[in-house]
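One chain, subunit A, appears in both complexes that follow, with subunit B as partner in the first and subunit C in the second.
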Partner chain A sequence: MTRFLANNGWTLGLAGLLAMLLVATKMIQPEFGVSGLDSLGRASLPFALATLGMAVVVIAGGIDLSFASMMAVCSVTAALLMEGASDGTSALVVLAVLALGAAMGAINGTLIVVTRVPDIVVTLAMLFVWQGTALLILNAPGGAAAPWLRSLIVGGVALPGVSPALTEWLPKSLVFLLACLCAIWLPIRRSKLGLMFYAIGSDASAAFRSGVPVGRTKIAAYAVTGLFAALGGLSVTMSTGIGEPIPGPYLLAAVAAVVLGGVVLGGGRGGLLGPILAVFVLRLVRMDLTLMSVDPNVTTIVEGSIMVVVVMLGGVLATRGRRT
Partner chain B sequence: MIEPQETPVLDAKGVSKSFGAVLALRDASLRVRKGEIVALMGANGAGKSTFVKILTGVLRPDTGHVRIKGRDSQVGSPAEARRSGVVPVYQEPSLIPDLDVADNLRLGNTRAEPFRHWVAELGIPDLRMDDMIGRLPLATLRILDLARALAAEPDVLLLDEMTAALPTDLVERVLRVIRQQADAGRSVIYISHRFTEIAALCDNATVLRDGVTVGSVPIAPGIEERIVEMMLGADLSHTNAAPLSVKSRPSDLPRLRLRGIGAGPRLTDVSFDLHKGEVLGVVALEGQGQDELFDVLAGNLRATAGTVEIDGRPASFRHPADAIVAGLTFVPGNRSQALLMPRSVRENIALPLVAELRKWGIISKRDEDARVSAAIERLQIDTRAQGEVRRLSGGNQQKVTIARWVAKGVQTLLLFDPTRGIDIRTKRQIYTLVRDLANKGAAVLFYTSELAEVRLACDRAVVIFNGRVVAMVEAADADEPTLLRAAYGLTEKAPV
Partner chain C sequence: MKKLLLGTAVVAASFGSMASAEGYKIGISNTVQGNGWREEMVCAMKAQALASGEVTSLNIAHRNTDAAGQLEDIRNLIQAGVNAIVVNPANADGINAAIKEATDKGIVVVAVDQAVTEPSAYIISNNQEEYAYLGAKWLFTQIGGKGAVVYMRGAAGAEADNDRDKGFKKALAEFPGVTVAQEVFTGWQQDQGKQQINDIIAAGTKFDGVWTSGIDNVIVDAFVESGAPMVPIVGADNAGFVGQLATVAGLKGAAVTNPGSVGGAGVALALQILDGKAPKDHTVLVDPVLWDNTTDAGKASIAAAQNPNLNPEWPVSVSIPNWTTYSMDQIIACKGPGE
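Right after this comes the complex of A and B.
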């Protein structure tokens, strides 16, 4: 039991913090309820997917600064191809966009492994490449999203034969997020690939000596990150109904949530549940400040300060962890 | 016994490997038969580590071949080497610190049952499979690495300094298990700096010198002398070993007095006095605690035992700055740690001078320039590449690391292997420079991995083995066989 607490203390602490913030939100705004949860879920969805993607690559000891640009490429590609397409075609478009995201991630990873240029430099360069690509595909917000896709994340869950009162409070967007998590991360985490992600992030040379193909594993980690970027881009298109060629503020928000979520920058430690909780913590803080009608400029200062404190806290914990 | 015609389990021939201009291995060979324990020996820099990396697939050889069970094997990765039956236990743990024991086993495709059996056999009864590797002590990690290798049922087990970090009771268990393995028909390549273990355990010893296998001898009583000769080469083998002697020093207060210093698992008990005007050599095989000793003196690591006195006053360093204030100047072996590579030679030399600005206020620019120029001239640093230090050759870089202290003046200089990998002319200049500093009243501690240097650069030398001082040798007596014998813990009075 103490072991369980020691290994999951950070996640449990975040869950507690999130619960407190939800209570605080209800106190600040008593009418916060089903629709509030729904809009919170939908607004958080791209951030949450970005955080998941970033968490995977950080666990494997890397970082991907081109993440938001990859999301933009996927968002505009999906919106452009889905405009006026049938349901069947749009399903194919979704699959194609997912493949596109994984391919972009694999390109990032391959460049890092082959050129041996530091990941932060390669992905910074690729940030501009993918940004330009997104604008070439669609130079202004436009396109469309298939209605069935939009309905996946709008409103509460309704199950046939179950009273809506029981399920409507659960936003579909949250279910969508957890479905993505389970479909992609669970199989990886339970397979040797997941272990190899942790291994190369924890100690690449020990992993090599243990027989892990370090280069290929790193490329795989970047590809998984690219896959999450595709889901993130799709979620932008799904919630706005159009493609957005200018990258949103997802990159730094994702890094902050990853660190707040207990994933150590530098790799090897942490899971994906913590970062998801961290996303909602950060989004709720912003929402509560807005509800308390704090000056929006002050809000960004508070948000920024939280990120700084969080990243510093993460850094301190990382160095302390290294020493022990 | 072993049939002479039998195909060797592992047969490496004519293996060479170079890194840039450095030829690490020229013609290494090794032959291991079934059920045999072979010691692979060589002095520092003989090419052992490179050979091990080639045998286990971490590096590819430039020429030569490695044949395993009669088949040519292109071992391109540690995973392939493992599959072909060669399973290593490296000097550094190869377990992942952020995964627990069970996950580490899954990562290496190790079955849990035999692993558990070996862990118990080797004397770690209370291991839990969900223990995080990063929280386990080093000795346990070495045992887990070995248990994992044994569980793979290897044809050839390669053990690199397996017993270095282990307490005595575990060493005994490990040696017993290795012997049993050999009796059961497995082969072992055993690398160790401990002659006693090799004498007790091994059947044969293969000796490397300067990247060449110089021979292979069966282990028999009294063979240590022969092996030491082989490691040193023919030209030195007939030098007679003079008895170790400790000349009494003048009774002035030592600049630096160490008593019973211990830190970490490797450094256990080191005591010596270092006087003003003296160059004291430190001789040790790799990993005998010398790194920790210098780290303690430089303030990078805290001693867990013992006392340090400077000019008779007890000192303890919490931070490198404390050591610097106390007048101890550390020049690390790794030049890139000491220099600002992208900055100019001039700036690098002036840095310690400028660092005093805070304390002394404005420093005369002209004075600084004069001191820097004097230092450059003294050292004959090639200033064509004055732009950036990183463009200098290794030898010139090393000169810069010392030159800066000539310019500033130094009380106690701690040099960690300052001449590694540089040419003979530059080495001589460094010896002269160190001597000049000593003549000016500096006390110099000089660790070297090259035994021949002790006579050329030092007044006397302490020899450290297994974390303890095992001998104090005057320069006049410090021929290579004497030092090497002492460094292997072989003293005259206790032959193995």
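Right after this comes the complex of A and C.
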């Protein structure tokens, strides 16, 4: 039990912070309820998927600055191909876009491994490459999203045979997010591949000496990140109904949530639950500040300050824990 | 006090859904920050809310984000329980879902500057296609209907840029002798636009005029600094450029109005609708005007628009007749109700 607490202290702390913020929101706006949770879930979805993708590559010791541009490529590709397409075709489009995302991630990873140029430089360059690609595919916002796809993240969960009162508070967008997490990350985390991600992230040469194929593992990590970028881009198209070629504010937001979520930027340490909680914390802070009609320029200062304080506090607690 | 509260509650209840004449709560959503035009728009919204006397509080969501982020902002404003939302949409289709949710709850939604396709929203915007057409036509006439022009657009992929491109192309089609020497996207960034024109001048590209999408005063600066022969330049009614039209020797140019104060008009429209005076049409277009320094009428407009207190990146057309009621000092102060 103590060990569980020690290992998951950061995540539990974030969960506590999130619970406190939810209570605070209810106090600021007494009418905050089902629709508020739903809008929180939908607003968080692209950020959460971006954060998951970034967390995977950071755990494996890298960083992907081209993330938001990859999301844009996937978003415009999906929106363009889905315009006027039937339900069946649009399902194929979804699969194709997921493959496209993974392929783009694999290209990033391969370039890093083959050229031996640092991750941050290669992905910075690819940021511009993918940004141009997105604008070539669609030079202005446009396209469409299949209605069935859009309805996947709207409203609360309704299960046949269960009273809606029991399930309607649970946003479909949250279920969608957890489904993506379980379908992609859980199998990886429990397999050798997941272990290898952590191994190359914490010490690449030690991992190499233990027989881990460092290059191939790195490419795989970037491919998984690309897959999450595809999901993130799809989620933007699902919520807006269009594809946007200009990347949204997801790159730095994702890095911020990864750090706040307890993943160490050097790699090798951290999980994916913490970053997701961090996304909700950051979104809820923004919602509260809007509800209180705080000056919008102050809002970003508050967001940044929370991050610094939480990460510093976490650092202090971690050092203390090691001493005792 | 308790009695008063109780009384208010009874009055409110008896009026049902009808909002009281005093004390509306207005929400504002904008997705571009740090741009003179948008800052003027937000200040015009604040000033109009204050000048109307009908608004008790403003909830402002003002940041750099995309359509998905604006969906979040609008839903947050719905949660905040506002009576009306005035929004400068990131995209015509992308925020329809949240607008529908708002109007379903009885919240008045007014889109300013750019249109949205959600039919329950009201739209008040500058006519962007006409904006580009007016300026381009003036420029092409000015260079005698033949020659090459530098086409300095806004941000690639932006809705307003595409509309302006339509207007520019329309004018281009009317002047077969005119060609585009170079087409660049300034991203509506001053530094980027200046770099681009410096490159074009340095490369020795031959051109007879410059059309800009509002990044204008730095272009004039570049000509003055490099000593390159001045050509006719079209810009927007930004204070800096309008000042140059009056003072820079040898500069022939025209400013096309694109008032950021359309934001104030949006607040005025929202208040009219809340007071039960909705316009017949859901779309209200504000047509641009061209002020050139080659005619007397244009010179008079340029002289009248000079105000040393205005931020040089702000459009100088700070009010819109028949819509905005605030004073010049109120918009420069940029204070909303309760500030």
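Structural remarks
Keep in mind that, in the parts below, the second predicted complex is superposed on the first by the 303 of 324 C-alpha atoms of A that agree within 3 Å, B and C clash if a C-alpha of one lies under 4 Å from a C-alpha of the other, contacts with A are read in each partner's own complex, and residues count from 1 in each chain.
Definition applied: a contact is a pair of C-beta atoms (placed from the backbone, for glycine too) under 8 Å apart; a residue touches a chain by one contact, two chains touch by 3 or more.
Treat the numbers as computed from the prediction; the structure is a model and nothing was measured.
Within the superposed three-chain model, A:A102 lies out of touch with both subunit B and subunit C [touch as defined at top]. When the two complexes are overlaid on their common chain A, residue A:Q29 makes contact with subunit C while staying clear of subunit B. After overlaying the two complexes on the shared chain, residue contacts for A:S39 are found with subunit C alone; subunit B is out of touch. Legend: residue contacts after superposition of the two complexes on their common chain; A:L291 is shown touching subunit C, with no touch to subunit B. In the superposition on chain A, A:L149 makes contact with neither subunit B nor subunit C. Look at A:N139: by the touch rule set out above, it reaches subunit C but stays clear of subunit B.
Which of subunit B and subunit C touches more residues of subunit A is settled by the count: it is C. Once the two complexes are laid over each other on the shared chain, residue contacts for A:R283 go to subunit C alone; subunit B is not touched. In the superposition on chain A, contact of A:I242 is made with subunit C only, not with subunit B. Once the two complexes are overlaid on chain A, none of the subunit A residues touched by subunit B in the first is touched by subunit C in the second. Subunit A makes touch with subunit B in their complex at residues 3, 192, 195-196, 198-199, 201-203, 205-213, 268-269, 324.
On the subunit A side of its complex with subunit C, the touching residues are 29, 31-32, 35-36, 39, 42-43, 46, 135, 138-142, 150, 154, 236, 239-242, 244-249, 283, 286-287, 290-291, 293, 295-297, 299-300. On the side of subunit B, the complex with subunit A involves touching residues 58, 77-79, 82, 88, 90, 92-99, 103-104, 106-109, 130, 134-135. Taken in their complex, subunit C has these residues touching subunit A: 57-69, 71-73, 75-81, 91-97, 155-159, 161-162.
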